[in-house]
Each structure stands twice: as C-alpha cells, then as structure tokens.
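Order of writing sets the labels: A, B and C. Residues in every chain begin at 1.
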Amino acid sequence: MKNLLSIEHISNEQIATILNRASELEAGAPSQLDQSYNVANLFFEPSTRTKTSFEMAERKIGVTVIPFETGFSSTLKGESLYDTVKTLESIGLDAVVIRHKMDAYYEELLEGINLSVINAGDGAGQHPSQSLLDLYTIQKEFGRFKGLNITIAGDVSHSRVAKSDAYALRSLGANVNFVCPKEWQGEFEAHQSWDDLIETSDVIMLLRVQHERHEGNANFSKENYHAQYGLTSEREKQMKDGAIIMHPAPVNRGVEIDSTLVECERSRIFDQVSNGVFIRMAILETILKGRM
Amino acid sequence: MKNLLSIEHISNEQIATILNRASELEAGAPSQLDQSYNVANLFFEPSTRTKTSFEMAERKIGVTVIPFETGFSSTLKGESLYDTVKTLESIGLDAVVIRHKMDAYYEELLEGINLSVINAGDGAGQHPSQSLLDLYTIQKEFGRFKGLNITIAGDVSHSRVAKSDAYALRSLGANVNFVCPKEWQGEFEAHQSWDDLIETSDVIMLLRVQHERHEGNANFSKENYHAQYGLTSEREKQMKDGAIIMHPAPVNRGVEIDSTLVECERSRIFDQVSNGVFIRMAILETILKGRM
Amino acid sequence: MKNLLSIEHISNEQIATILNRASELEAGAPSQLDQSYNVANLFFEPSTRTKTSFEMAERKIGVTVIPFETGFSSTLKGESLYDTVKTLESIGLDAVVIRHKMDAYYEELLEGINLSVINAGDGAGQHPSQSLLDLYTIQKEFGRFKGLNITIAGDVSHSRVAKSDAYALRSLGANVNFVCPKEWQGEFEAHQSWDDLIETSDVIMLLRVQHERHEGNANFSKENYHAQYGLTSEREKQMKDGAIIMHPAPVNRGVEIDSTLVECERSRIFDQVSNGVFIRMAILETILKGRM
C-alpha cells in the first residue's frame, strides 16, 4: 500500500490487517520500522484531534516529523500542491499527511510523486483514518460488523465521515441507516425522524452540525435541531442494552447530543480519540514498511 | 503536586523544594524522569520567552513535545477548553502548559481532567512559573528573602507578575512596595513617586507598560512615564551597593528603563530568562514524577 | 566562522570547504558534531523550501530544534530583533536561522550577541545558503566554475539570489550575464533579449517573477513576459548539449518557464532542493563546530 487516499480503495482484508495491527500496538507491540523515516503533516484546514493524533502516532512509531506551517508556506505565493509536495519529496520526506479543502486534491499527486500520501480529509470527500478508527472502536465493542445496526445522524451531505463510514460499514456487512433533515441527506436515503431506530441501533453515530452553514434558518435553530434530531437524554434512555454512542468531534454540546451524555457510560467519544492514535500508528507503519 | 495553577496554591516548603531542584539542574544534575512523557504547549496568547523557555526545558528534561497550534485548532470551531484538553488527554498527553486570556481558565479543568495542567499565564491572574524564576533569581543573588526590600514599579493592576510575585515574596518575609500612577495601583497601595525607595531597595522590579492600553493620555506619554516612574540612568546611580534590576520582559527600552541599563552590571534581566529554563525543568520534573 | 550572513563575507576557500563537506555528507558521512546543540528557525517571511530544508538538515546533523512561531511572538508587542535574539541566547540556543524582510537586519546583531546567526534571506539583500546550493549544483554538474557561461533571467533588481549568485560565480571565474526588462536590471547591466545567450549558456538560471509587484502593467503580462523573457519550449531546444536549467523556486509555471520543462532532462530544479539539505547540513556543522 503506497498511499491511503480513500476507504474505497482498500479491501476488507486490508482493513482487517490494519485493525489487527492497531490492536497489537495498543497492547504494547514495538514498532516494526527499523530505519529512520521523515514525514510531515500538511493541514490546510484547522484541526485539533486529527493533526495532534498523527503527531503523537508518528512519535510513538519512531518516525521523524518535519514541521510544516501551511499558513506560512509558499502556497501563499500561489505554488501548486504538486510543486509543494514534489519539493518535500526532494527534501527527503518519505510520506506526507494532508488535509485540504479541495475534494480529491490528491488526484494531482497520483503521477510524478514518489513519496506516500495519507489523506487526512479532502473537502467533502473522504477521511479514511477516521473511518478506520471508527471501525476499530466498533470492533473492540462488538467483535464483528455483520448484522450490526448502525445509525448515522446529522449533516450527512457535508460529512466526510458519513460517506467513508457508511461505505466501509456496509461492505463489512453492517446495516447503516441515516437520520437527518431532508435537505441534508445528500446522496443517501435518510429517515426524517428517529422512530424506532433509537431502540434498534447498536451504534448511534452523531455528526457535527455546522451552524455556520445554516444560520438564519429557523428550522435548524440549535434548540429545534436538538429536539428533532439530537440525542436527548430521553432518547438515550430508550437505547438498547450494550448500544454505544459515537461522534467524530468536536461536539456541539446541546445540539447533536445532550451535554451530560458526552461522557456517559454508553459514550465512546473520547475512546474514539484514543483509538485513533493506534490506528494511525498502524497506517503509518504499514505504509512506511511498504517503502523499505 | 498534580497541577501548577497559582503561586497561592503552593506552600513555602514546596517553593523551596522547586528552587533547590532548579539549582541542582543548573549545576548539571540529570533528569529524574525514567519513563517517557508527552506534553503540549497551548499558548492562546502571543509569547516568545515563556513558550520558548518551556520548549527548551521540556527537551532538556527529556519529555516528548507534541506540537499544537492554537491559532489553527478546533477552538476556532467553538470547542470548549475542557473538550480540547480532554481530547489531548485521550490522545495520551501527560501534561499541558496553557496560557489563556481568560482569568482562571483552569477552573473548568479541575474536574474530569486527569492530565496535569501548568498555568503559563491566565488573563490578569497568575503566572506562577514567572514568579518562581523571579524568586530563584533573588535567592541566587541574596541567599534569602526575609527582610529584603523589593520595589515593583509599573502597571500593577494589569500585571500577572506583580500579583504573583508580591504574594509569594511577602509570604517569604520580604518587604514589597509598589511605585506607579494612582490609576494603576489596582488592589494594592502604591507610592506615586520613587522618593527614597530608590536608595533603600535591594531589588527594583520593573513591569512592562502596555502602551496600547493608554494611548492618547498625555500623562502616560512614554517620555512622561519614563521621567516620573521609569528607571532613568540618574536613578540607577542612587541605587545601593549590590542592589539589582529585574524585568519580566519584553522591555520597552526608554520607557520603564533607560535603554543603556538593560544589560548594565546591576541588571538581571537576561539572567532571569536563563533561570527560567531551570525553574521550568524543575516544575515539569516535579509534576511528572508525581504521575508515575 | 561564527555567522553566515552574506556570500560576500566568505572566501573562495571557505566556499570550497563547504561544498566539499556537503559532498561527503551526501555520500553518507556521519555528523562531526559530538555534543548537543540547540537551534531555532526564525522565519519572519513565508517560506516552504528554505525553512523545511533547514528543519531537515538540522535533524540529519543531529541538533535539537526549538520551535519558534514568528507570527505569534513578542515581536508582535514591538520587541526589537536584538532583544528577541538575546532572549533566545539566554534560553540556551547556540544558533538561529533568520529570514527577515529588512535588508541587513543582522547588523543590529553583530555586537552583544554570542550565538551564531545564519542568514536565510534579508529583504532584497543576500541569501547565502541558496547561493551555496546553487554553486554545489553547478559543481556537481561541471566540476568547475572557471569559464562557464551562466545566464540569470528575471527580476534581477528584487532578487536576493541574483545578487548573491552573481557575486560568487564571478569571483569563482564564471561569466555571468543577465536577461531582463530594463526596468528590472537594478545595479547590473542586463540584456533586453536572449539573442545568442540561449545557445552559449552552460547554465540558464531563471528567477521568480513577482506578479504582485507588476500588476496592471501590460508589458509584464504573464503571456508577454513568457514570450519575451521566459524559457519557452522553443528556446529550450536551442540550448547547447549538456546545458542545464536552474530556478530557486517556487516556479510560476508558464511564466518564467514552460510548465513542461520544470521536470525535463535539463532541469535541475528539484535537484537544487535536494542539494540544499546537504549544503545546510555542511553550514550548520561548520558553524557549530566552531563553537566547541
């Protein structure tokens, strides 16, 4: 595996291998990298958890991180992403982790670039390391995907996570449903109310509502959204035994989810963050080993 | 000691222990940390010396620093400080150093957060690592605090340093006086002129005048301030034998202090910076050892 | 050698020593530094390749890099460069790499500062590490400088590279010509057309056109510039056997150079980037060894 660009590019077997390796690393297995590698994190959009998670994973796996400030680089002078990445390759980098607002930005890097590219989010496209950590969180909980009922609620059409996760979960045999206002369902067929999905779901995965996109629209006031589509404390009480709550974060407390539920017993929200470090260690190791 | 939030939270014995350990580290004692720790520096306000000093101290004490750009994080998306710090804890950080413009920002971190918090300045509140380095500088010079005459001059009401230092110095037995315009004395009783304080002080500690707060007010023109409240070269000549000059910096040359005095024989301004690295090594070591 | 400020400050012998050491390092020679050193990179102007190149070189040579965000430092509060650098020296830094928009900013650092300063570009002044990597690229290609015909084309008057390179190349015995619009020749005597320089040049070195300086001037539209002064694919075909193309980058594709030539056989544009890392390793090693 040279690059990790989209969850749709990797097979169920490759997914299983990465989840298994993350589990070994979480149990304390040492890094399998036995030479030095240099990587950089190019985040052209704000990020706390994904960037910091990669920074931590890189250090735990023993690679050297070369700092790169996107807000202060030659891209300000109009340099293309190809030329920036080719420059980093010439400087000696083995891999770059990129988040960029342009959908499928990586297509201009497929030819002529020899270093490895790990996609940390492209526009409204994919976010494969997030999907893998979501899968890892579900696998740790249930030990399987087949037959699980998973409901994804929120702004599906603008969510990288919804797309990547739904694709992977379905191909692994889970039943995936969506709950959201009709305007937000995008390419998917969504339920416009929770109905009995609350009681039948093994996993309720909430998405961040991006207020800035919907300001001035009364139907989407925070209170209205929370009452109709959010995970209220009443709805949580109807969830079945052993069912869990997930959210890619950052959370809008009181909008997608009642603030008191963020760290409740069912919540795996901060566990997802912890799991993300091991998943990213496994991704980096797998890709860099392929370069030896 | 789990956190370092305010100089008022630590006893005179704890202060003595930290100053003593800084002294050992300055003399070349090796780090007592025998496992790996991960820390991050979250500076939500500009800083050169405090941030760089922590960055250096962290490397000298042998901890791993995970970079975190506050200007490019999810706090831009409105995430609470609690959720940001809980995320960093979930990623595996053992401690965070935080500077934030909100007074006592750390109160929302006292419950539910397990990592250690080191306060590097909260609003107009406290700046305990600066106080400790000031104490260390004075102790190296005089070997004691009891009976020393210490005069703090400048914008006392807006100064974290004035508050932290005055509290600690008084509790250690020093006599602390203030010199400043009446408008700036805040909660303290200040002298409105130097009078005989110039000749009786063992330590003259100058504070930065924040011009941006006082623009357009003729009483506080740079020249007027320097003449009435600044350390002019004439005043320096009246200081007693062995008396020293301190300043937390950055210095406004020609305002708080005549430019030629910044590196004069009495000045400990750049020594304070050097001392700060050893104090922060001692703080980090003390707090992280407590986590073992 | 305590500092590296301008190519004009170092002798041809010192240049030869640095190029030779870069060559050894490129061949895999280990770092000659046998104690730990701390450096910081102070880039007050945007940069991708120079900053990242220094970051990589520093890690490959085994020095500790203390991060310093210029956009978030006390220089925002008006602190002088002298006071900032003196602070970094007091914190324990051995060397700083500085890029700054002010010509000869380093003059205020010549007295009173003990750490080493490496100039990574001062205003419209010098950029000595770029010159050294250009010289290294030429030497690797031709094994000599004497008698080589080198043509520099572009906005000569605003280019640090043009000035540094022309000075060094001439002092090493090369023939240097310039091609550019008369308005851009600055202190040099330039040709206003390529004439037979295309066919006689061993090296054609293109400079970045800074559109932002020339907007609204039809003579300097991108198309006009490319046709009159750019390296078109037609002109490339007239270049002599073994002649090479250089560019300090970032490149304006289709302006200074036809986009298809950026990675053509003659182009050494990305090789320059690779060479820069070894040159900077040699510079850092030479300067830090001098501090032992």
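The rule we apply is simple: a residue touches a chain if its C-beta (ideal position, glycine included) is under 8 Å from a C-beta of that chain, and two chains touch if they have at least 3 such contacts.
All figures in this text were calculated on a predicted structure; none of them were measured in a lab.
Asks: Connecting every touching chain pair, does the picture come out as line, ring, star, complete or other?
Replies: Per interface graph, the chains form a complete graph.
Asks: Can we say the copies chain A and chain B touch using the same residue numbers, with more than half in common, or are the two sides different?
Replies: different
Asks: Any idea what the CA-fit rotation angle from chain A to chain C is, to the nearest 5 degrees?
Replies: 120
Asks: Go ahead and note the Å separation of the Cα centroids belonging to chain A and chain B.
Replies: Roughly 40 Å, centre to centre.
Asks: Could you say which residues in chain B touch two or more other chains, in rising order?
Replies: As it turns out, chain B has residues touching two or more other chains at 67, 69, 71.
Asks: Which of the residues in chain A come into contact with chain C in the complex?
Replies: Contacts found on chain A: 38, 40, 64, 66-69, 71-80, 83-84, 86-93, 112.
Asks: Touching residues of chain A toward chain B in the complex: what are they?
Replies: Residues 43, 46-49, 52-53, 55-56, 59-60, 67, 69, 71, 249-253, 262-263, 270-271, 273-274, 276-277 of chain A touch chain B in their complex.
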